[in-house]
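Scroll down for the structure; my scribbles are underneath it.
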Amino acid sequence: MIPRYSRPEMVAIWSPETKFRIWYEIEAHACDAQADLGVIPKENAEAVWKAKDVEFNVDRIDEIEAVTKHDVIAFLTHLAEIIGNDEARFVHQGMTSSDVLDTCFNVQLVRAADILIADMEKLLAALKRRALEHKMTIRIGRSHGIHAEPTTMGLTFARFYAEMDRNLNRLKKARMEIATGAISGAVGTFANIDPAVEEHVCAKLGLEVEPISTQVIPRDRHAAFFAALGVVASSIENVATEIRHMQRTEVLEAEEFFSKGQKGSSAMPHKRNPVLTENLTGLARLVRMAVVPAMENVALWHERDISHSSVERNIGPDTTITLDFALARLTMVIDKLVIYPDNMIANMNKFRGLVHSQRVLLALTQKGVSREDSYRLVQRNAMKVWEQGADFMKELKGDPDVTAVMSVAEIEDKFDLGYHTKHVDTIFSRVFG
Amino acid sequence: MIPRYSRPEMVAIWSPETKFRIWYEIEAHACDAQADLGVIPKENAEAVWKAKDVEFNVDRIDEIEAVTKHDVIAFLTHLAEIIGNDEARFVHQGMTSSDVLDTCFNVQLVRAADILIADMEKLLAALKRRALEHKMTIRIGRSHGIHAEPTTMGLTFARFYAEMDRNLNRLKKARMEIATGAISGAVGTFANIDPAVEEHVCAKLGLEVEPISTQVIPRDRHAAFFAALGVVASSIENVATEIRHMQRTEVLEAEEFFSKGQKGSSAMPHKRNPVLTENLTGLARLVRMAVVPAMENVALWHERDISHSSVERNIGPDTTITLDFALARLTMVIDKLVIYPDNMIANMNKFRGLVHSQRVLLALTQKGVSREDSYRLVQRNAMKVWEQGADFMKELKGDPDVTAVMSVAEIEDKFDLGYHTKHVDTIFSRVFG
Amino acid sequence: MIPRYSRPEMVAIWSPETKFRIWYEIEAHACDAQADLGVIPKENAEAVWKAKDVEFNVDRIDEIEAVTKHDVIAFLTHLAEIIGNDEARFVHQGMTSSDVLDTCFNVQLVRAADILIADMEKLLAALKRRALEHKMTIRIGRSHGIHAEPTTMGLTFARFYAEMDRNLNRLKKARMEIATGAISGAVGTFANIDPAVEEHVCAKLGLEVEPISTQVIPRDRHAAFFAALGVVASSIENVATEIRHMQRTEVLEAEEFFSKGQKGSSAMPHKRNPVLTENLTGLARLVRMAVVPAMENVALWHERDISHSSVERNIGPDTTITLDFALARLTMVIDKLVIYPDNMIANMNKFRGLVHSQRVLLALTQKGVSREDSYRLVQRNAMKVWEQGADFMKELKGDPDVTAVMSVAEIEDKFDLGYHTKHVDTIFSRVFG
Amino acid sequence: MIPRYSRPEMVAIWSPETKFRIWYEIEAHACDAQADLGVIPKENAEAVWKAKDVEFNVDRIDEIEAVTKHDVIAFLTHLAEIIGNDEARFVHQGMTSSDVLDTCFNVQLVRAADILIADMEKLLAALKRRALEHKMTIRIGRSHGIHAEPTTMGLTFARFYAEMDRNLNRLKKARMEIATGAISGAVGTFANIDPAVEEHVCAKLGLEVEPISTQVIPRDRHAAFFAALGVVASSIENVATEIRHMQRTEVLEAEEFFSKGQKGSSAMPHKRNPVLTENLTGLARLVRMAVVPAMENVALWHERDISHSSVERNIGPDTTITLDFALARLTMVIDKLVIYPDNMIANMNKFRGLVHSQRVLLALTQKGVSREDSYRLVQRNAMKVWEQGADFMKELKGDPDVTAVMSVAEIEDKFDLGYHTKHVDTIFSRVFG
């Protein structure tokens, strides 16, 4: 985790304090269930709840772990120090460390997913607002970085909305992937603990029961989770790339908001760099890099090996923290993005009407000119615009082969921008309902 | 694609013949819709269907493309050669190449997904059959490659079933991700073509309409698709790794089926190598390597650039062909896997009862011995087994500190295997319903 | 491999014919060495060379492999068909299949590396030629896509030259990584074959002896090889990205060469899309995707497992073929790239002198104005240019706080372009010697 | 960075204190060079050294950065607070932030590489020691996890030595890749600063001059650096995998050292899990995951964009810290690895002589039996051993077709282990010189 790319709420999920609190809840609920089953005395189960409002001493636990070299035992030892050795006797009975660790990890991932889902909803709101605002703001559409046909800025925002809406859906599914818990013992047979304990603990923690676990919850779930985050990150890169293009000096159709105190560069005061979206491009790579190791984690040996653990200690926090930060940053960028409609028009007109060549081509075809001939007619006039700086409409009006089939009014009609925006409403109703 | 790792049905989806057939259908259906709208003459739309049963000449199309350097124009030229230049005049009107290319690619991916889904269902059937067959076949569960507690071979198959069932679900969702089509023109505004055409073509091809496209269908969909395949591949590696471990000389709890004519090695005739599952391990890497480039494809410039295309020309066929082959191979491996229950028992007993130490530990705790003392008692007897080849049960019976709290019958009870299998039914009903 | 992204010379390296030819040479040289050692009869060694000019029948070998399911045995059987069963008796004696397969694979990789090295040398020649041609062609340097200070097009080419020169060096080192052979038997102990055979075969094939092998040549070598290719690919993406930016409509400082017959788009004849460099961007992803699986291949089980094999059957040919194609394509793009120096000047002047703000800032500081004050002075004049379309030099001349410390001549001097190119010679001599 | 997988010396390289110290040295040396050139007054250059022994106040710098949103300006402001605003006037003159940032990053990477190189040398020493110790400790070589032919534990250590020695070489080359500095100004033209400054600063910092930079040092260097680390990590996984296999219950040829206080599991006291090497397997994934983003960082826009920065803030420290920890951990594991020679012999003899089948096969061939017949003879006796538990030597002695060509003494000779170790000295002298 890089502090400058993190937000406190997500960071808190991954603190030792939160982790031990979740461990505690798992153990305490498990004791309740064990007591209900008559496996352990009621009073021992109740005694565990004495620690309900106690803050665990992370340093003390670390100290014990330094000796035992086992984190769960260290925690349990510390818990016994709080509630009493005798009272703590039945805590963790029949369980294996992974019951606690894996269930806790999934609780953390679920909470992280909840934040990411809320982040995404905020991003969607921003995108929607800007889409509606610029629904009819004309700009040139570009393929291959080259001017193609007119579109609107609203459509750009709307397609990012649709993409992020799919990502919202993916995040929700990803949350379901890892919203399970397991209390199934050393190799997942429930030999030492009744499945009812698992059911109780999972219900209390808002998790589904893992239908079949080994010592661990199967890691295909986590692979799917991190893969979904990788897709979301790639979409962030997509939006960021658009904005970076819009802000480049020659285009200047938009700029990231530039606060007054901010210095763009130590040497060039006029520069306003799209540093936030460039940063988002890098953050996307960081989120994405977790995907392959998460997939490599799936093939554990037999009922488990611990190779996945160090990977998850890193990618669990780092990926969710980075993605949370990135979503929030992108939301802010979108919210405050300065749009320059005049520059959009100026850019579109850079090649004096060439942008309408496709329409003219089509019109010629519809007038009965063959596809090949139409193409040649359009091309020869277009080349004059391109190479000699001519005006496309004027050239067409002066080309007898064109005027032989199209009237001046018909030619002019092909340069009407309304032609390109006539289905914007349709598209908006598809996207926003 | 590596021929030896491919199967004809999936390969056929990616043939030029199939591609041109799909292109043709898109163009022909689009003409129908255009005629319905009155945009083009009915007879021209009908004329396109003259090519319905004609096999397109791939060599001829390649020849034209060598000149025009544009694949869709080459195809359209060839189509005109078949149905007549005049009749073909309105084909592709208002459309852009990507309308055809992207919709076709998604049709191919949908068909590929259908095969993968069917593959997965066959794999599930095999896993279920073997799970039921070996439901109560005892084997030792292992964590860290070290004996832990008994489990059953049926549980191993059952957990692979549950994992692959999740993968089936992921494949179905992945199919939905890419089951869209777009006929929206040069930058996605429908300037030159009515949205009704898109609706008609998509309905005919079994696709959803892409709510908002640019020149291309957004690539977050494909990233999600290939990511799902990467998860499936990782699960294949997981199963393959289990079998490779089972087959290693010292374990020998299972072997891949060994056909009579097959020579395991040019030099060591007794060797029966798990080459199929080793191969599956490698194939998993090949499927997985498509995930990152598919994600890198998401951030296209403005309304599209063509950087994604070469990537997809590779990973589209290669990944689906490899995964299809891998699923079929794994199904065959599971179906015919030779299981050695006797060796499972022999392995479990390698350390003369140590496997039951967890139960003894628990029993001591339940008898009122403190957790720490119980641990020490179990450990000291376990070490004699480990280091001196003693028998665990016998040692316990001879340890006065143990017999002080547990009777001989109670000690013996802790070595009963039924204890470990008592919840197998519960788990099976969770997994198989 | 995608045929359209391949070149015949590299493809030929990976043909079955080439493979069997290399296998044959390994076996034949091994027989010579064995005969020299007196292990096998001279006449049998000589007999093997009867097949020297015979073309092996790939179909026949495939046919045999279909039965034996072992490729090396199939080949040896076919070889015996050619030179006689009795004569062939000692072929492959003491060797294991991997001795042949791994040594052959490295011969193929070495040959592939030789082509890539030659490709790179051609690319370097093209970059150098263009660098010298445009050594003093002024263009604006950009950071964050925003105008910074002037530079020259020659410097751009020169830095790509320097980067590709490092890549040439990396390719040469990568070649050395995999230029080893091993004939060390079943587990690498030379139990059945004398190390002298390995030495002889390697010397004949231009390889170093692998100091210690198991059944296989260690795969860290191949990981390093493919990693180097991934770096080269990333540099190709770097150059391609620059050109794509230069060609975008608003920038138009360069264009990929556009042959006369080529149609840029089916609908917009004026469009000249940077499709080659976009394609190179995609091809870079394809080369890069081999890096992780090649690294995953390193950790084989004990003396070898065969999981690496399917991966290498793919990435061996695909990665080298794609990279060869990409290097050749990039060389062609660089060679023919159309440069627009006038547009470069026009772009640079887009913000009427702002580009020189850094120099003015420095000049003010040198005149004794504090850093903070200088910054503020430059900023306030720059903002007028930015927001009101003013001319920077004129504004400075009219700002009494500026003219209080700088004369008009001094201000004008700060707009001299020679200032920025004064060290171009130094840099060129660093790069080109 | 995960604290538990880090070591203080490497962590210190990445502290803010170290970073600011390096920034300071760059600025101070640059001032010296500027003064030598007569660009700034000598006394101002000298004044900078007043801060030589001052500890920079990281909190204060962060405070300033919170306002200026620019880290280098924040640092320079703080520096001015220490040495005086007037004295600091010429600091950073003609430089751009990246001159400082990039040169500093490379200094950090060089120092990190130095630690990694030292780590690797320690690992090599451990591997060599264990190789010599177990030079002739017989164990069975395995391909596909299946017994093949005898080898020695010393050869296993020796091949890891050879692999790590290649990695040492790769680390040294990787260090050279990033051991450059650049002080070339806003777009790399030295417009505002003389190349002599760069030369002086680089010489003082032990770096080579970057022959041609833009605003940044080209990122292909860093891609190559992190790729090399990825290869090293993969080799660590390779060694770790071997040890994990050796420690699994059924094999038990080695165990990670098990300290007395350590508890293997909360529930199963007899378990000694190879948790260190499992952990190393996971750490290898973490190091490897940096390779692709480092490659994605190469293609920056024009003279630079800042997308690489967030990636490097993560992978710079995380990857070197993790690899340093992993190398040290592996060295400790190798150093203390408990080897069980008796178990190695017992494992080898598991199949009663089958391990010698390759030798018998060869002997038969040398006796004039055809390859196919020899194969069949060996196979039929081997199958009796495999399926019926027979003894291979005894079966051979009882097979008249075998005894027809081989005497009893000849058969027995084929079971001599010395046969397999006769070239160990040769291999050792290749590896260790």
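Chains: A, B, C and D, in written order; residue numbering restarts at 1 for each.
To be clear about the criterion, a residue touches a chain if its C-beta (ideal position, glycine included) is under 8 Å from a C-beta of that chain, and two chains touch if they have at least 3 such contacts.
All values reported here derive from a predicted model rather than from experimental measurement.
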{"item": "Interface residue overlap between copies chain C and chain D, same or different (over half shared)", "value": "same"}
{"item": "Distance from the mean Cα position of chain D to that of chain A, given in whole angstrom", "value": "32"}
{"item": "Cα-centroid distance, chain C relative to chain D, in whole angstrom", "value": "24"}
{"item": "Junction residues of chain D, two or more chains touched", "value": "142-145, 148-149, 186, 244-245, 248, 263, 265, 267-268, 273, 275, 278, 281, 288, 292, 296, 301, 305-306, 358, 362"}
{"item": "Topology of the chain contact graph, where touching chains are joined (line, ring, star, complete, other)", "value": "complete"}
{"item": "In the complex, chain A residues that touch chain B", "value": "85, 89-90, 93-94, 141-145, 148-151, 155, 158-159, 162-163, 166-167, 170, 173, 177, 185-192, 195, 209, 211-215, 218-221, 223-224, 227-228, 230-231, 233-235, 237-238, 240-242, 245, 281, 284, 288, 291-292, 295-296, 298-306, 358-359, 362, 365, 370-371, 419-424, 426-427, 430-431"}
{"item": "Chain A residues touching chain C - in the complex, by the definition given at the top", "value": "140, 142-149, 244-245, 247-251, 263, 265, 267-275, 278, 292, 296, 347, 350-351, 354, 357-358, 361-362, 375, 378-379, 382-383, 385-386"}
{"item": "Chain A residues touching chain D - in the complex, by the definition given at the top", "value": "2, 4-5, 67-70, 72-73, 76, 92, 96-97, 186, 244, 248, 259, 261-263, 265-268, 273, 275, 278-279, 281-283, 285-286, 288-290, 292-293, 296-297, 301, 305-311, 313-314, 318"}
